[in-house]
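Per-chain numbering from 1; labels A, B and C assigned in written order.
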Amino acid sequence: MSFIPVILWSDALVFLLLAAGIIAARYIRRHEHLRLPWRRVAQSGVAMVSLLVLALFTTIGLLDTLHFRTALPQSSSGEKIYSPEVLSVLDKGLEPLRTQTEKTYSAPFALQLYARESVTDEAGQIVREFPRLQYGGAHLADESQRTADVLQRGLIGALGGLIAGVLLVWLLRARLQLRSLRVAVPAVTMLIGMVASLAAVYHVLGTDKVGQDVLYLSLKSIRTGLIIGTVTTLVTLPLALFLGVAAGYFRGWVDDVIQYIYTVLSSIPSVLLIAAAVLMMQVTIDTHPDWFETSAARADLRLVALCFILGLTSWTGLCRLLRGEALKLRELEYIQAAQAFGVSSLRILTRHIMPNVMHIVLIALVMDFSALVLAEAVLSYVGVGVDPSMISFGTMINAARLEMGREPMVWWALAAAFGFMLILVLAANLFADAVRDAFDPRLNRS
Amino acid sequence: MKSILAVLVSVLLAACGGQWNNPYPAGDAGQAIFYTAFTERPKHLDPAQAYSENEYELLANIYAPPLQYHYLKRPYQLVPLAAREMPEVRYYDAQQRLLSADAPSQTVAFSVYEIHIKPGMRYQPHPAFVPENLHLSEAALRPVHTLADFAHTASRTVTAADYVYQIKRLVHPQLHTPIAGVMSEYIVGLKDYAAELQQAVKAHPAGFLDLNAYALPGVEVVDDTAYRVTIHGKYPQFTYWLAMPFFAPMPQEAERFYAQPGMQERNLSLDWWPVGSGPYYLSENDPNRRMVLRRNPHYQSETYPVEGEPGDAATGLLADAGKPLPLIDQVVFSLEKETIPYWNKFLQGYYDASGISSDSFDQAVQVGVSGEANVTDAMRAQGISLSTAVATSTMYTGFNWLDPAIGGSSERATKLRRAIAIAVDFEEFVSIFANGRGISAQSPIPPGIFGYREGCAGRDTYVYDCVNGEIRRKPVAEAQRLLAEAGYPNGVDAKTGQPLVIHLDTTANGVGNKSRLDWMRKQFDKIGVQLDVRSTDYNRFQDKIRRGDTQMFYFGWNADYPDPENFLFLLYGPQGKVKFGGENAANYSNPEYDQLFMQMKNMENGPARQAIIDRMQEILRHDSPWLWGFHPKNYVLQHAWLHNVKPNIMANNKLKYWRVDVQQREALRQQWNQPAGWPLALSAALVLLSCIWLWRVLQRREEG
Amino acid sequence: MIAYLIRRIFYALPILIGVNLLTFALFFVVNTPDDMARMQLGIKRVTPEAIEKWKEQRGYDKPLLLNSAASGTDKMTETIFWQKSASMFVFDFGYADDGRNISREIAARMGPSLAIALPTFLIGLIAYVSFALLMTLFRGTALDIAGVALCVVLMSISGLFYIIGGQFLVSKLWHWVPISGYGEGADALRFVLLPVLIGVVSGIGSSSRWYRTIFLEERSRDYVRTARAKGLSELRVLFTHVLKNAMIPILTGVVVVIPLLFMGSLLTESFFGIPGLGSYTIDAINAQDFSVVRAMVFLGSVLYIAGLILTDISYTLVDPRVRLS
């Protein structure tokens, strides 16, 4: 099957971030004084396990970032025509989960729909009953076999995962010195194995209102969350860094102007500012439908724009922090000396001031990540979040909120969003803590 | 933490004995109050401006127009409310000669409606009827914050002149009356009158505009209890308008009162504080929290109907026959923006009746073996019962007739639309999203409206088959065949090889709409067509519709009155949105249809009209400019203590017929809302234990 | 001091003008006055004349920023921007699109907002500080570690879940308080309890951790070591020295939000149906009611600036070395 790779805007930004990350990592490896704090991070068991979890999430997100369009099978005229549907490698990998949709709600591991339906039975009578699912557990004859089957499949999957995990640890034994990691890796692979083996025949986390697999939705949400958390920093970072440092270093009218800008921005209640900007962006997108070849491209641009807007409204805090730091730094003797020697301001800024505030930037970035992931859910509630057709934690929670009122309650979609979000944000928070501890010279490490 | 809990316990205990969660003040207990909710604050309460459902829910109980719909009888039937009897109509030709009642409609140049109102009807108590209050000084207004701050109120008798005054208000230059355009077409002289008023306002922009200083020839006062309305041509639907608050009486004092300086900035205006002669008046108006209707002490003109439909006596609907209305003293509307709290409060007994949202529906209703809806066992045990009625509205998806790909009368486009019509399975939509609360539509006309045909005879033959006397949607294979014939085998354009992409515009942005869009996409997937959903905000959507920049769009229509004309005009060519700014958002136009529409419009119901409507529907089904969608069903769930509830889609003034058994409500609420004590005890114990433990650890440390 | 205040207020003017311009620009790029009229007039039977009439009555028939038809200063003043902005600076917000007086609405809604926000703030402050003190007191023990872990978990949960979960448990299952709504006078207490509780709990994670860091930093200072060497008990050291000195960063960090308490909480208010300023704002966003949105933005900015000034003043109060000049 032939296909054409598609690079959406957000994909490009993710690749850019990835490249920047790799370059930064190589630079740090070559400089001992920069490596030192990272060593401290690497020695922390909690941090490394969080990193493992984050890496797992990032892998899923990256797989979901490799987009392509498949060619349509029948093209009468010689030229190749591609389907307007944009898929990702993750979609391909989860093909069964994506395409095996039921009619409506079904509980985790259920064999039947969650709602009764009128069915005509053999005698021609109309009866109300729970119809069997089209895919979930379709290989079983009836309910009684389920427990044994779930146990068996789960066990096999877990065993497979465990073996793979242990093998992995053994192969990397030289690198994996931490005991916590040696336990965590097999545990994670075991879980993956178990879920994979079960998800092949069941809806492990149930299905939503239109019968989509909740596990699939949750996995797809990861990319949205990660992008909001990372791409936003692409905007925040240069703005905050340059403006903050410039304001602190030059003082005078530069400082006045920059202070004015960020006071104006930060004095507007942020939800209102974001709402206004998002509405504006939406209008622009709506009035130019010809910009987008596919609906995925439109939803994607909206996501990117949301990141930019979040970035534009959230750089002020970091900027203020950096300004303060720069004010302090410029009074230091070696900078005074550099000035006396006539070193250009730009050089002083890039060579002396910026490297010395990098730890603040880093800490702020890792701390902001989780806040941004959480913010997405709230913004979607207010109606200014991601495109409604985009799968994200916010849209999942929003849809699931109404399901709480049903009885019997439809809890699984909410629980899945809660669980995945908690794991992601928790890992990010724990990792951020470790980074802060390692980099912040003020903290006493007793 | 401990202190919080202590406060919690004491406050809850002090607040309200047994029911900690009772959202109403303790003083309400034991009173004949009906509790309900409003989800959106009404924009207008001025009868000349209000037009939406949520506004009418209040207004219809406050104002008394000449006519109303009979509460119990079906099909819907107009009966007098403020009028003494049904108005008599006389037809005249262009030379003012009286014609017979059955004169052909082409010869009728004018129709004259003479309306006699009941004598002795009185307005609600209101400060505007106290003469001193019409000349208030700045100082006198200073202590006033709401209408209740006026010490004195008074009332007066309703006169025919008040009805005439309100008709004049429909074209008041400072008001936005949605039906001003329609009425100007019909009421003789209204258009010139509006122009005259416009001039007058330009000349004196600041002063009070006295509508009575200008003459409106089409509307005249006969005497204190009678007035006459003259209409161009024949327009039988006019009597329906007479049942809407647009034609309620309005005392000129009210306008003078609110026009005084300082009133507007205190939010005192007719738009917020109605002055009516109906069974209730608005005694409290806090649109952020609650609105309260109280019984109008001067309302004596009406009693509970003594006859209804055949089954009504058996179900107890006639138990109160002949009793003076209203039966409930007070109605409390609380603001409830979220569905879940609304639903839960209903279950706890704090709302007496509830419409149900789809998501709570499984809990409430199970569809019985024969297809009729019934409440679940759990709810029946609570005494909750259910009544249903198909709404006189339609939810459709229009195709833009002007769109080159999907619109127009070419065979290709027609087949494409029919293929989509078969593929989009609205029966499934209704079962997933509305829990069966609706029936799939076969044309724009919903059941209960003249022209609708039951069963197989009324089906859309292009989309449905008839199997054993039941309507059955054609198989998807048929849709695929049609699609291939249209030149898009498997959703790919046979000529260019490009996949077919269709755009759907909606305003669906909010909670829970994602699943609807996902579902829609699934339907198009069945025939291999790509659906691209473009959801936009309301303004942009309107804009696109106006410019005709859409392919498909979601829309709905709620009837003004139960007449097929009110539905079929939605597809009448000269109503085209893009060309004429009318209500035909699909911009559909078919000369034969348009001609039949003009013919059908002013006919009396009868076999001749039915024949024309049948033909019109056939044209529509053939061209299929809409996916007919479905007619939603309105459900009302009510508690055992609420009596005399019968769904009535047309009437909004239902509150006056209802009755509440207060003792029963009190007892059941008490039983359902026993607070759970164990979590309190548990957390208190936990806090206590951890305090002790902490203390001991600390002591040990200090020692060691 | 007085001179300082006057100067700060004077500085606030350009900021408010900037805020005003920005909101104006953002809003009118999105919406034309025609859109606003259509939004307000509804969906059925709306004629172009009705839209013109609506615009004329509300003063939206003028040009946006520059009136080229007028002469002299009228070029600037006979515009929507000038007409709608000038009155704002004397706190006359005019009328909302639905015809209600905005100033009155704000006055009426401030009460409920404060009734939620103030107790949440105060109880929260006390609870977070006590919890942080507790963790500091038991520094290094299992309690401390468990406390920090709990904080991290709590702050990793989206605020939406606290509200959904709290409403479900407390109101629906346990029947303790009304599910939503608001009452007058003492009756309001029952409606306020749950939102306040949820507000306090949802903030525990991040705030307690922050206070803990401050306390730990303070505890590692020399004077504390001296005090301990003098033989003071740990408890006394903590309360008399650490807490007292940590008050400076705590106070100054907290003062800035006090004026913003008036603005209410968007989420809590709309979930619990509390008629405060937060739900007013959300409604205005959804209804795209420009007059209300910009009034709220203006109010928010004023309060934010007030918070900054208050912070400066509180510095001088807690730390006599700081002088305002």
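Just so it is clear, a contact is a pair of C-beta atoms (placed from the backbone, for glycine too) under 8 Å apart; a residue touches a chain by one contact, two chains touch by 3 or more.
Everything numeric in this text was worked out from a predicted model, so none of it was measured.
A comparison of the B-C and A-C interfaces places the larger number of contacting C-beta pairs at B-C.
The chain with its CA mean position farthest from that of chain B is A. Averaging C-alpha coordinates per chain places the centre of chain A 43 Å away from that of chain B. Chain centres here are Cα averages; for chain B and chain C they lie 37 Å apart.
Note: centroid distance chain A to chain C, computed from Cα atoms, is 28 Å. Shown for chain C are the residues in touch with two or more other chains, namely 288. Chain B has residues 340, 344, 537 in contact with two or more other chains. Residue positions of chain A touching 2 or more other chains, listed in rising order: 279, 283, 381, 383, 401, 404.
Taken together, the chain B residues at the contact with chain A in this complex read 339-340, 343-344, 357, 359-360, 362-363, 366-371, 428, 431-433, 435, 490, 492, 494, 496-499, 501, 503, 508-515, 517-519, 522, 530, 532-537, 540, 544. Remark: chain A residues 72, 74-77, 79, 81, 83-85, 101, 103-104, 115-118, 125-128, 208-210, 212, 279, 282-283, 286-287, 289, 294-295, 298, 381, 383, 387-389, 395, 398-399, 401-408 touch chain B in the complex.
By the touch criterion stated above, chain A contacts chain C in their complex at residues 260, 263-264, 266-269, 271-273, 275-277, 279-280, 283, 370, 374, 377-378, 381-384, 393, 397, 401, 404, 414, 418, 421-422, 425-426, 429-430, 433, 442-444, 446.
Chain C makes touch with chain A in their complex at residues 14-15, 18-19, 22-23, 26-27, 29-30, 152-153, 155-161, 164, 168, 213, 216-217, 220, 263, 266-267, 281-282, 285-286, 288, 293, 296-297, 300-301, 304-305.
The part of chain B that touches chain C in the complex is made up of residues 1, 4, 8, 11-12, 15-16, 19-23, 25-26, 41, 43, 51-52, 173-174, 176, 178-182, 264-267, 269, 271-272, 286-289, 334-338, 340-341, 344-345, 348, 350, 537-539, 542-543, 558, 581, 583, 673-676, 679, 694, 697-698, 701-702.
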